[in-house]
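What follows is a pair of complexes built around chain A, which joins chain B in one and chain C in the other.
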Partner chain A sequence: MRTRKSARASQYLALLGYLVFLAFPFLWLISTAFKPPRELGSLHPTWIPKDPTLANFRQAFDEQPLLDAALNSLIAAVGAAVIAVLIATPMAYVMARHRTRLAKAATGWVVVSQAFPFALVIIPLFLVLKNLRLINSVAGLIMVYVVWALPFALWMLVGYVRAVPTELEEAAAVDGAGKVRTLVSITAPLLAPGIVATALFAFISAWNEFFFALVLLKTPEKQTLPVVLTHFLGAEGVADLGPLAAAAFLATLPSLVVFAVIQKRITGGMLAGAVKS
Partner chain B sequence: MKRSARGAPGGGDGPGGGRLVDHGAWFLVLPALIPILVLSVGPLLYGIALAFTDSQSGRTEPTQWIGTLNFQDLLHDTLFWDSFRIGLLWAVGVTIPQFLLALGLALLLNENLRFRWLARSLAIIPWAMPEVVVGIMWRLVYNPDAGILNETIRDLGLGEGRDWLSGLATALPAVIVVGVWAGMPQTTVALLAGLQNTPHELHEAAAMDGAGAWRRFRTVTWPALKPVALAITALSFIWNFNSFALVYVLTNGGPGGRTRLPMLFAYEEAFRYGQFGYAAAMGCVMVAVISVILALYLVGRLRGGEDA
Partner chain C sequence: MRTKRLVAMVVALLLTSCTACTGGDGDGGGSRDGRVTLRFQSLAWQQESVDANRELVEEWNDAHPDVKVEYVQGSWDSVHDQLLTSFEGGEAPDIIHDASDDLADFAYGGYLADLRGLLPERLKSDIPQRSWETVTFGDGVYGVPFLQEPRVLIANATWLRESGVRIPTPEQPWTWDEFRAITDELGDGEGKYGVAWPLKEPVSATLDLSLSTGGQLFHRGSDGKVRIRFGAADEVVPRTVHDQVNTDGSASSSTLGSGGSDTLPGFFGGKYAMVPLGFSYRQQIVQQAPEGFDWQVLPAPAGADGLTQGVSPQTLSVAEDSPHKEEAAAFIDFLLQPRNMVRLALGDWMLPTGTEALRDPALRVEEDGWAVGAELARYLRSAPAQAVRGYPEWKDKVATPAFQEYYSGAIGLGELRERLVGDGNLVLARYQR
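Our next item is the complex of A and B:
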């Protein structure tokens, strides 16, 4: 019994270690965001601001076009999420229900895409979008994000489709419902929660994305939030810490909120995927 | 693991496999297939072709085929091979500790501990954050004067601390720590999935037989976990080798190129110096390396299948 108890104690100690490691950078970001300049300049920084202030947030909005950037990010992320789900759902249905060569090839592509070579794809993409006059446009970025979000969207959606029993569809067919009617009135409603979760995941991926946005968006008024955040770092890498922290904190909030909402579904989907694949 | 769905209910269309797509299903597939071909498979082939040309940005003469000249130049480009070496160091340096830490966390989260939910939620945060923010956040932590790391070191009486990200010796280890932190959630979740897939009765039976924790792990947990562990390790390695944003924000490849990952190098070559063909050749070399790793993984997976 003794060893059992000490084992438990060491487990809690380890858990505490993880909690500290995982939480402290984030807590430090929040703390820095609310500190007045005087405390930021102090040689002995404190965990909790003595004089919490919102001045950093105001200054952050003054220094960089954060609102425009957030709007660009929102358009890119919502556009990518909606389009990705609209075109992925039918394909996921085919992949889940019909064991054709194409479905197999698509599954293989989903696996390979996890290792997708951005280094090799970004230059041709840049050239193609330039020829289409879609450089420096959020529309061009959305196109890239859609394709980028597709593999994981397909993966999640195939899992959700498989979870809908075929018996329900067959029963509807026996009752005389056509293929389309069955899909629309039986399958789609059952899939809806999965589709929403997939869309939200695509939203977060696009909201957080940096590399493609950096390459494809040239002028500040077109840039998304992650790209604009790097402007706070300045040329020498010496930054105004307060506004930098404030802006970074704000940029994280939407994805944190969305992630909190769908956390169970994403981890659930990933669990299912990891176990099945 | 694989092929478990074959012949399972929901398989639908009999033997299948003969036709490309079920009749009438084309209209369901095309909306996704066309963008995939145009914006992903197409650029990939275009990129490989570019590697054999002298394509540059803003040049007036037409682009010419130059055969393997880019690759020959690349062979003698010590800066590229430096970055390649750093990329491998970084990928190994992140992947292994990340895996071990995630394994520990997954094992803890699988136990019936209090505050487990807190760790679970916290463990997800790095996943939800934009990489740029993760980089900025750790710059605040590492800040030589106002950062919490040096302050903690001073408080503990361990010295004055240092400028971690600008030190020639400390920069790479410092960014590796951030890489480990940022990638832990995916690995933890995947391993947790593997753990929850292990039948609980087996554990109990082993415990009844008097097997200690380590033996139970070795004989019951690990064999069941191995396929997932192998998959997530291969994937993390590839993700890490390809990473960009985190290090771009933390050090931008500095000091003196000590953290210049291959992606940062290729990005500069392409979009600062406009050497599209040359950068595409770098991309080809990176893809070749990744393919080897994927192949190794597949071999390992097949062999794992034989063991089971």
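Our next item is the complex of A and C:
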């Protein structure tokens, strides 16, 4: 019994250490965002700013169109998440339920495609989007994000579909439900946590993406937050640290809010009790 | 119900965003109703500099209703990849702000216009030949160098005054030997150092400063091929840094992997008497230094070739694909009128390349070290090897790790030479077949 307790304590300790490790950069970012320039140059930095100021936030908003950029990022990220999920869900169902050679090959391709570096695809992609007149357009960026998120989204959802017991679908069929009815009324609700988790993945990866946005969006009014954040950086890594921290702090908030709102969906344990034993 | 509302919100958001979605302007910066629209991508990032650029664009637009310039803010981060993609896709800005050491690939790749027939005589003669050399690739000139910054020593003035050491000036700088002796005198061996070298990027710092001792490293032979030689003149600067760190203990070893900004807290906290930094770092010092902190700008040490050092100026280029090269060149000429060059230089805390702008009293004041910097301008030359093909690979794969190991004391001078020359020439040979 004592061994089990000490093992549990060790687990909590490790978890606490991991949380501290994860939280450190974010807390430091908040602290930096509220520090005046002279405190940023201190040899003995403090967690709590001695003379907290909102000047960094004011400067960040004065210098860069942060709200416009945030709206662009939101449109791109929500659009990418919704479309990726709409496309990936039926595909994942087919791949999970019909294990043919084609499905296996498709799964292999999905894994391989994750290894392509951005630099390899950006120029052909740029040319394709140019021909479609989608350069400097958030719609073009959404298309890119959807394509980029699809393989991983598909891979995630295949796992979720496989976790849904086929017995449930068989039982629905026995009760007279058609294929579509079964999918909509039985399978889809059980997949909800997986769909939400996948959408979250697509949202966050699009929200944070920098390189495609940098290359594809030409005019300032179309740029997304990660691109606008680099405007606080100079050559050789010199940075306007205070405003950069303030803007970066604001940029992390939507991700946190989205995650906080939908995390219950992911951890809800909706499959519990679905099948009578 | 809640789910339905969420879906409705998402759909509404996507629908309302459609007007923002389809925004390709599609005109490629060309003519519209007889008017020319030029896109000027600027990398200005400090607020004063962005303001100066925007004001100048507005002034141009007010005075030239038929040639409108659109200000587009780029960023130094990933500018090379972003420009390369834009060039390949035929969507590059008409006027391009960059640094001279980034231009070689674009110039040789045919992406930039040769400016020789486009620029007015006023501008050509105002900028010294040594600056034009930084943007000359082959027979062509592919940019206008307009801002540059020397490396200087930012010193704790109180510390230096109290120590009684001779304060160097551009007329009577320290020699490298004198510099080493003085840093040894200033350090106490117990956590206070005469100097902190921020050498996260050791190659350009070492090569640029080595011009003062006559070090060239890259030598072009009669066959036109470039080879690396590491002679006595090339040794002086790296040996000084190595010995300060590893023999005298007068330089902090902990800053060798740091960037310039990382050393400032220690400098303000009285750990280091001096920090070698780019001239523009003065802005950060003005912003961040504690109240009453007394600092001053000193020239970098001099060698056999005096105060000479290498720089990679900021440049303005014109895209080869631009249908309005003459208008773009005219805008560059306007932007780089002496009075405007001064405004840009003050905004970026750097030095203008133009000789007339350099004479402006605003850049000759003692405050914040402007006068010392302006005196150094005539000693600035093209950074070594910036036009040598294969240099980026040599720098990343060979020279950076070799210098880092040498400065930290992991390898000796013989091993450094072997790697820079032996491995380095193998890299360059691949580019010169």
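In this text, the second predicted complex is superposed on the first by the 211 of 277 C-alpha atoms of A that agree within 3 Å, B and C clash if a C-alpha of one lies under 4 Å from a C-alpha of the other, contacts with A are read in each partner's own complex, and residues count from 1 in each chain.
Just so we're on the same page, contacts are C-beta pairs under 8 Å (C-beta built on N, C-alpha and C of every residue); 3 or more make two chains touch, one makes a residue touch a chain.
Small disclaimer: the values here were computed from a predicted structure and weren't measured.
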(request) Pick one for A:233: touches chain B only (first), chain C only (second), both, or neither. (result) both
(request) Have a look and say if chain B or chain C is in touch with more residues of chain A. (result) B
(request) Examine A:28 and indicate which partner it touches, taking first as chain B and second as chain C; both and neither are also allowed. (result) first
(request) Kindly classify A:245 by the partners it touches after superposition: chain B alone (first), chain C alone (second), both, or neither? (result) first
(message) Touch test for A:120: chain B only (first), chain C only (second), both, or neither?
(response) first
(request) May I ask you to decide whether A:42 touches chain B, chain C, both, or neither, giving the answer as first, second, both or neither? (result) both
(message) Quick check for you: in the superposed arrangement, does A:91 touch first (chain B), second (chain C), both or neither?
(response) first
(message) Just checking: does A:215 make contact with chain B only, chain C only, both, or neither of them? Give me first, second, both or neither.
(response) both
(message) Identify the residues of chain A that lie in both the chain B contact region and the chain C contact region.
(response) 40-45, 119, 122-123, 126-127, 210-211, 214-215, 227, 230, 232-233, 237, 239, 241
(message) Going by the contact rule set out above, which residues of chain B touch chain A in the complex?
(response) 1-2, 4-6, 9-13, 16-22, 24-25, 27-29, 31-33, 35-36, 39-40, 42-44, 46-48, 50, 101, 104-105, 108, 111, 113, 115-116, 118-119, 121-134, 136-141, 143, 145-148, 151, 154, 181, 184, 186, 189-190, 192-194, 196-197, 213, 228, 231-232, 235, 238-239, 242, 244-245, 248-249, 252, 262-263, 266-267, 270-271, 276, 279-280, 282-284, 286-287, 290, 294
(request) Spell out the part of chain C that touches chain A in their complex, as residue ranges. (result) 10, 13-14, 17-18, 20-26, 39, 43, 45-47, 50, 70, 72-73, 75-78, 81-82, 85-86, 88-91, 93, 99, 200-201, 259-261, 264-266, 268-271, 278, 280-281, 284, 287-291
(request) Spell out the part of chain A that touches chain C in their complex, as residue ranges. (result) 37-38, 40-45, 59, 62-63, 71-72, 74-75, 78-79, 82, 119, 122-123, 126-127, 130, 133-140, 142, 210-211, 214-215, 218-220, 222, 227, 230-241
(message) Residue numbers of chain A touching chain B in their complex, please.
(response) 7, 11-12, 14-15, 18-19, 21-26, 28-29, 32, 40-45, 47, 86-88, 90-91, 93-94, 96-102, 104, 109, 112-128, 143-144, 146-147, 150, 154, 162, 165-166, 179, 204, 207-211, 214-215, 225-227, 229-230, 232-233, 237, 239, 241, 244-245, 248-249, 251-252, 255-256, 258-260, 263, 267, 270-272, 274-277
